[in-house]
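Naming follows writing order (A, B, C, D and E), and every chain is counted from residue 1.
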């Protein structure tokens, strides 16, 4: 089941700013991948020491530090010191249970959001928190695990002709956000596919497990909604911030991102309405089936119960029952029964019961 | 079934601004129709080369370039170069899955919205995306397929006395939007007709397929809503933009357009309420029918079950059953049964069961 | 049935500003009634030529032109020319399917709203559109048919001592709006009376046609809502407009009008809630009745079915059934049956089934 | 039943400002009670002539004029003249069907709100309209009937040490509002008590009259809501008005009043949610009971119907039925029936039907 | 049951500002604990006299006065005098039924909010009101009972290296709020655990008491919501206040607090949606079970009722029934019955009833 809230109670009452990792599963060892590039050259490095990163901090190239794995809190602390990051921000990075948000400082922009992936094996959405720090000429990304959604992005960086390779660090920041947000569309498509699949099952063969499935879809959409809604405000904040970290010509790209988020929110809200419509439809179909069942019972029962009574009457053992001795008695009573049954059938027909 | 979301996943991770057409069906070959006019003269041209358009760009007439078909991405790219259009905008034009929006630039206004048509054969709403670019003295429209809703508009352009012919390019831009938005009213009328048709069926003969129909109407109205809601903000943005592309006296027409959109939204919301009211009504009618069925069953069963029991008692084969030998036994028991049945009928009558 | 949307599709694609009357029924011939007054004198005139009105336009008296009937579009066009009215406004006047709105121009104020009357014969709300133009010293009203709700207003004008007679044209404008809005209260009272009537029926004798009635009430309230909600914004706009057409001391009257509109909206919303509460109540009452029916069936059936089985057993024709020959067999079995029945009754009693 | 709307139709079309009392019941004769006080002295007077009040108007003491009963419209008119009150305000005072509102004039503040009392005898909320006029050194209150909720307030005025006695007229105005608003809490407590009482009944013994009670509670809460919601805006208006009638240090008290109103609104909304939760709970409990009934019927019927059939078979009178002559036939068939019944019970047990 | 509203009616009509404690249970004797610290030294004192506190008021250290127990109103009054606190604020402190709010004065900030604890024994949420006063160099907290949630906080104060110990009084104020708000997460986790527990029960074995449990969860979440919603506005007010009591660098911490509150509100709203989804699911499951029961009944009844009728016919005692004498009569009729039963089973199978 998709979880609404990860465990955070361990942190309660601790000093704000105390660096404890609260992720659900054991994070792998922290690994640092660095891509450093300008129009002409590109360096890649994989390390696990912060000191190796510092050379990239001070050159004029665009550099992207990917911190994968958050277990090594000492390393995060060290990085915080070198890059002058507020200790509450470090705490937010490690507490992988954040609501998406953005903080704009004088020397960097911090943002945290969720990467959602659909795990087909367990049939549930897996949420991973990504924290991004945009500095003067670097982006630092923090992830619990390495994520494959950025592979294409890296290919684009390596392509000397791509806009990304020829732009400044703010465009890299935008491209990362764009990749994450575009990924929500994939989830929504997956969601819509399921919805349409149900849609067809719903009328043809409404099984009771559909109910559980609808409920799970509802959970999923609520979960998605929780991750997407705050993004609206988040991107608006970038647009309004007037920060020097974002160049004028990049603003338009963020405007485009904003439109995507609004579009996703629209689709989520429509899907919620469709889901509740499907639930109504399912319940009514079930209800109709029940109705049909009841009608069959009622028709059969109301026809035969009186007839059985009549048969019962002539099965009584009274000595003095003149009808029993009449020669045509049996045939007469059978005809009588037939008339009653016919009348009832006619009555039900007129009532449109079948 | 009306689709909420077209496939977009193919584009995920690609460079923003990469020109790929994501429409659902194969678009026809791109065809360019040009109408170029002023008060006195009017030229029409159909071509498939961008270069043929350029003469119209630089004269002082109002010109309307209609790009029908989006498959030829090279052509779109070329047009983008000649008319100096941002590559993200070109991407939006080709990605026919946009939320209605407007972008106001220094050298042009870009807007994208949906033309909705009701396909009576397949009984579903077909949505087609139209992108419009309003420049200094031209409007460019991009459509996947040629659409007949603009035929009347073209006739008006050809009429030398029409306001449209005697106005500037901003009025043409308004007239195109007005045509698209007025078309929503046609859909809503169609929708209302269906609703009223159901309304009568609902009470007289509530068949189970109505449920499915109501659900489909709900889908449709949600779809319509998705296309119309953003228009509100869109037109407000034009009004507030204070752009030099719209002349002062044309603003009033946009105000009128805004009122139309609000009116459409009002009707959509009322229809949603009516639909949910119809669903309630249908379910309750079904429920009432079921009730009636149950009452018939109960009346018949509760009258005859005790009587059948009595008949059964006197059908027992005990040797020592004095009543059986009584001369009036049979008549007495029949009278007794009649009294029980009468009492029960009286009881049900008093309970107002029939 | 109260219609949500009148036919407008005929107008689609026409030139904006083309004067076509789109009302539902054939309007009567256009008739112009004029009342022209100041403190001391009062003239009334009925005509069907615009030229007859012009003398009243230029004098300093307050004059009220009532245009009843909109068929004669030529006349409306002529009037538009003399009074310098924008052709889109003329179009709005003739298109009797407008959402209530107000437009404030330099030389006049235009407003359109609905007069709602309850047609008791057909048991439905009839909506009529009224357009008002407030000029420097005149009010022009446009109606499809003459309406009796203004009779009292005219009497007040004729009364030399009334505030209305002694005030300027803005007070006449206010008085007309006040009459229309106060008329909504009458509809709401009518509505509330029906609601209370149902309320009593609902519990005492819930017939199935109540459902249809509730649904029709819901339609009506939605219709009412559609006409009233925009009034809120409309009057606020007058207040904020700071237009010279409304004198300072009249503003307070519009404030009072605004309070009335808010009050009407409040009552409408409460009535919607009450209606949905009534629906719930009705459905539950029906449900309870069904429950009662089921209980009677169950009690009768569960008591007699086992007894009938026992009687059936001793009605079997096996040769070797010792009980049948026992002298007290019959009495014993009757006692046994009685005990079973008593136990069941006790069981149902304890379950509080009756 | 608590009425949503009092009759106002009599007033329709009348001149705005025409003084007609529209209260539901005959108001008692108008009675004027005056309390006039400063720190050192206090005068009380009961009269029915306006002239007796004028001496209090012109002295420097705080004076509270209580007009109880609104039948004597002449007297109200006279008072309006002496105190220079707008004739629309006088109309509002007499029209006891107002939405709570406030009007801030240069020479006085006018406010109208509802005093709600719970009439335990008739088990309904009684609403009484109170109009207040705050002038330079006086408060005038208008009530249909004398109301006991102000008794404590008067006691506080008489207490020489109370803050009220030692403050200016704005504090008196505040204290009256505070008394009225605090009275809503009493109603809510009463409401909550009922709710909790139901809560216990609901599960233990869900009788069908609870439904009607829940519905009446819903009506009540809607009624309460209608009276309280506008208060929020009303008090905000005082705060924002910056009127000289309210001294700076008294503003804080109005802030406190505002918090009370918000608190009341919170509780009302929670109660609405609880009510709808209770309705769901009730319906489901009823549904569960029905389920239980159906299960008993089904178990009994499905066990005995097949058995009765078997008994019926061996009750047939065919000459050639070998089983009937078998010595162990009867015992065998009884055993067979017993096995069938046992199997069915096992089947139902496994299905967890009991 | 978690109470929505504590008794306040005793206070109605009293002078605003009259100091009466309205808590539900007898508060314990008032106890004052003081922690006074700077970087270098720390003093703790427990007393029950206000005079003992005054030395801490005037030194330059940060001091935290904890007033535990509110029974001793004289003491509160005295404290109000020494610290110059408005008497309405003192009233709010004692009236432990406040909506969370904040008041910013020139010489102190007052805030009141609720500490929620889950009482596992009685399975209900216990709400305790805490009032905080932030002065120039002191925080005063008022609680009905001593609460253990601050224990960790005190430990942090005693730790010479903690940020808290090395910060000013505004950070202490923040830390207290942070502790309270973080505590809501614990409640939500507890809530989510219950929800997930139900989730599994719901499908596997839907017992009727789950309904009551869902309803109680709904109550709880409403209660939580009532406490948390106002916090949003409360913290925003601090941020916007620009008060000198909060240092610039502490503002960022309040921003963080605000994010926490929004996160809590998000989770609450999702939980409400999940709850209503669970209710739907439960009701539908119950409905499905009922359906299944009805089907079994209908199948058994509709198969055997006609057969029983046939058996009944041949149990009649007519003298002239030729079939009875036929040698194969019995076997023929048994075969006929078998065919009917088979046909019915086939019919039900095709209808997918089992």
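As a working rule, contacts are C-beta pairs under 8 Å (C-beta built on N, C-alpha and C of every residue); 3 or more make two chains touch, one makes a residue touch a chain.
Since this is a predicted model, take the numbers as computed values, not measurements.
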Topological distance between chain B and chain C, in contact steps: 1
C-alpha-based rotation, chain A on chain D, 0 to 180 degrees, nearest 5: 145
Centroid spacing, where centroids are CA-atom means, of chain A and chain B in whole angstrom: 26
Cα-centroid distance, chain B relative to chain E, in whole angstrom: 42
Chain C: positions in contact with at least two other chains: 287, 290, 294, 297, 301, 305, 308, 312, 315-317, 321
Contact graph of the chains (line, ring, star, complete, other): ring
Interfacial residue positions of chain B with respect to chain C in the complex: 149, 151-153, 156, 162-164, 174-175, 178-179, 182-183, 185-186, 188-189, 192, 196, 199, 203, 252-253, 255-256, 259, 262-263, 266-267, 270-271, 273-274, 277-278, 280-281, 284-285, 287-288, 290-291, 294-295, 297-298, 301-302, 305-306, 308-309, 312-313, 315-321, 351-353
Interfacial residue positions of chain B with respect to chain A in the complex: 1, 3-5, 7-9, 11-17, 86, 88, 92, 98-99, 101, 103, 205, 208, 211-212, 215, 218-219, 222-223, 225-226, 229-230, 279, 282-283, 286-287, 289-290, 292-294, 296-297, 300-301, 304-305, 307-308, 311-312, 314-317, 321, 323-330, 333-334
